[in-house]
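Each of the two complexes below includes chain A, the first together with chain B, the second together with chain C.
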Partner chain A sequence: MLDERPRAIAIMAATTMLSRDTVLETVERVLRNDLKFGQAPICEQTKLVGGDLHLDSLDLLMVVTGTEKALAIKLPGRRIDGSVMSTVGTFVDFVCAEMSTPAGKR
Partner chain B sequence: MRVDPEKDRRLDAPCDPSRCAALDALPQQPPFRFLTTAQRDGKEGDAIRGTWVIDGREPFFAGHFPGDPVLPGVLIAEALAQLAGLLFTDPTIDSASAHRSATATAPASAPASALDCAAAPASAHHAAPALAAKPAPSLLVGIDMRYRAVVRPPVTLSLCSRLDRMIGPIAEFEVAATLGEQRVADGRLSLRMPDGAAP
Partner chain C sequence: MRGGGVFRVIENALFACLFIPLARHAPALSRRMQPIFAWCSWRLHAGRRRSLRRTARILLGPGAAPRDLDRFGRRVMTNIQSFIADVATIDRRSVESLAAGIDRYEGLDVFLEVLRRGKGMILASAHLGSFESAVAALRRVSDVPVQVAFARDRLAAFDRVRSRARRHLRIIESPVDDGVQSWLAMRDALEHGAVVAILADRVMPGQQGATLRFLGQPSRLPTGPVRLAALSGAPLVPTFVIPGRDGRSTLRFEPPIEVTSDARAIDDDHPGQRSLIDAMERAIRAAPEHWLVVEGPWMNAR
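== the complex of A and B ==
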């Protein structure tokens, strides 16, 4: 974030179209590896808040930052609310929408 | 592009000592307050910058390391976290008592405009904390820092913390510490804010 290399990676990522499946796999990997859910059943309908995984606010931040690092992107923090972080699928939708939006229009 | 170079540059801008928040609003007090000046910045008030004047007489240098004083990196992170917490503290809260307290500990020759943010004199580093009730502290819950240079006293560190996002009560900040033009540390800190706190 603070030197030229990550910036270059971000530019590359911004110009590379990642499929929704790739984003979904990435989020699942973050949940399994970074948040230690291992082989727990995780799918698009899995609830992040309450219910299935029961993540707290710090866990949700780890999902966001872990996904950013894995995909070399920067998500707009001010727009990440409860509806975005409702399920794995809603978060994946948000990431895909942000990645397809030109930077100047975010 | 997903990294804003303007925000990145803002992390290195110096603190203007004439525009300072009242540091007595901080829950942390000497000898565990690692800020000398602080001021809000940013078009949306999302950033705060400050300084930490380090004269070499701080007690931790006796052990870190004996005869070879090096500023502990964790204390740079702590200073940046304290600065970040100030973003959620209304600097107008209790400003009158903060001013009185600062007046009591500032050198007699200190200019009035600097009283609210002036460095506590070395003799005040071990002063008893003020008895006034402090706001509930924000608590450090995440650190992702890189340290790029060794810092030895005496120095004045320039600090900047910029609010990047909030998820529930967790606020994540981009932070940086510089010496002159040299970046000595940067990274991200996450703080759990007290109930009802807002930048």
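== the complex of A and C ==
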């Protein structure tokens, strides 16, 4: 039993990493395809608010709805504030945290 | 209701300490004072005069005499004063008496049919007539939740009475100044079949808008209504309160616009945006002096 625990933790960690990568890829895809940023450099540090992308609040709504649709999840709008939408990374963290709760899954 | 610096501070104080208390507690006196307030607003703010003359030129045509332009501007200012005084007293009146301000309906069957579909609906409008009277009139036929997208006004005193009026009519406020949270709240409300009301003739804070042809002029207009319709799947219903010469108003619902095309690339060729602009132009031309916009959305230099 004790021997199994490190393996289980390793699997959990790998799953979490994979999920985060998937979410990051999804958000990047939404920005490139839905918001037409094409080949623009987008990474975790890319600012969603006040950055080079010049996103307005409706663009941010597109980021949220596009991500929801792609991942088949529903995000709680009341908790999505300026700090969540600060950068691609902070939004990805928020989505991952929401996906880990039962309410986050559709 | 926009102005700069010291003028705005004085105007805010006047509204908070004189105009709004008068409208609420001595409406008859307030009505008699309105021409004086309107005259002051017209005379004391050169920027407003310039903006209103420009709008008058666009709406009345190049042949309009300077005297006609000034008359138009003063009437718009008077109508703005009446509108503010009206909003200040809404919470003191019954829903029935507010609804009585509208005695003609056009396309009500359109509204009811879209409502029956249960997909929510976006009522896109312009700064024409009393939105609150329209909601009161809608309350006669439906108890559907109504949410309004709005930008907080620079006149804090006006903002307070407007919020009070909306609470009275059970209208849920979504301040777009709060950013994406408000848009998500509207999207969620639409998913639950609610009505979301939104103005389509002025770019609100947090939006970029798009350069579009409006009333024959290159203008900066909001794309929020069309984009929200595209993202939520809710139809857009252009809706206007058109004041008549007899003091009564018509509540007009235009045919619904289903927005299926791209939600970001909005230009003059976007069919949903074009249909909305056409509907706004018809409504504004029907009652140009009641289009309560001091600074028009025009792009070109003055």
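Some observations on this one:
The definition used in the following text is that the second predicted complex is superposed on the first by the 85 of 106 C-alpha atoms of A that agree within 3 Å, B and C clash if a C-alpha of one lies under 4 Å from a C-alpha of the other, contacts with A are read in each partner's own complex, and residues count from 1 in each chain.
In this section, a contact is a pair of C-beta atoms (placed from the backbone, for glycine too) under 8 Å apart; a residue touches a chain by one contact, two chains touch by 3 or more.
Fair warning: this is a prediction, and the values are worked out from it, not measured in the lab.
Legend: residue contacts after superposition of the two complexes on their common chain; A:73 is shown touching chain B, with no touch to chain C. By the touch criterion defined above, A:85 lies against chain B and chain C together after alignment on the C-alpha atoms of chain A.
Of the two partner chains placed by the overlay, chain B and chain C both lie in contact with A:58. In the superposition on chain A, contact of A:34 is made with chain C only, not with chain B. Once both structures are placed on chain A, chain A residues 56-58, 60-61, 64-65, 77-78, 80, 85 are touched by chain B and, in the other complex, by chain C. Interface residues of chain B facing chain A in the complex, by the touch rule stated above, are 1-3, 5, 8, 11, 141-142, 164-170, 172, 174, 176, 183, 186, 188, 190, 192. Here chain A touches chain B in the complex through residues 1-2, 6-7, 10-11, 13-14, 56-58, 60-61, 64-65, 73-74, 76-78, 80, 85, 103, going by the rule given at the top.
Listed in rising order, the residues of chain C touching chain A in the complex are 176, 179-185, 187-188, 206-208, 223-224, 227-228, 231, 263-265.
For chain A in complex with chain C, the touching residues are 34-36, 54, 56-62, 64-65, 77-78, 80-82, 85.
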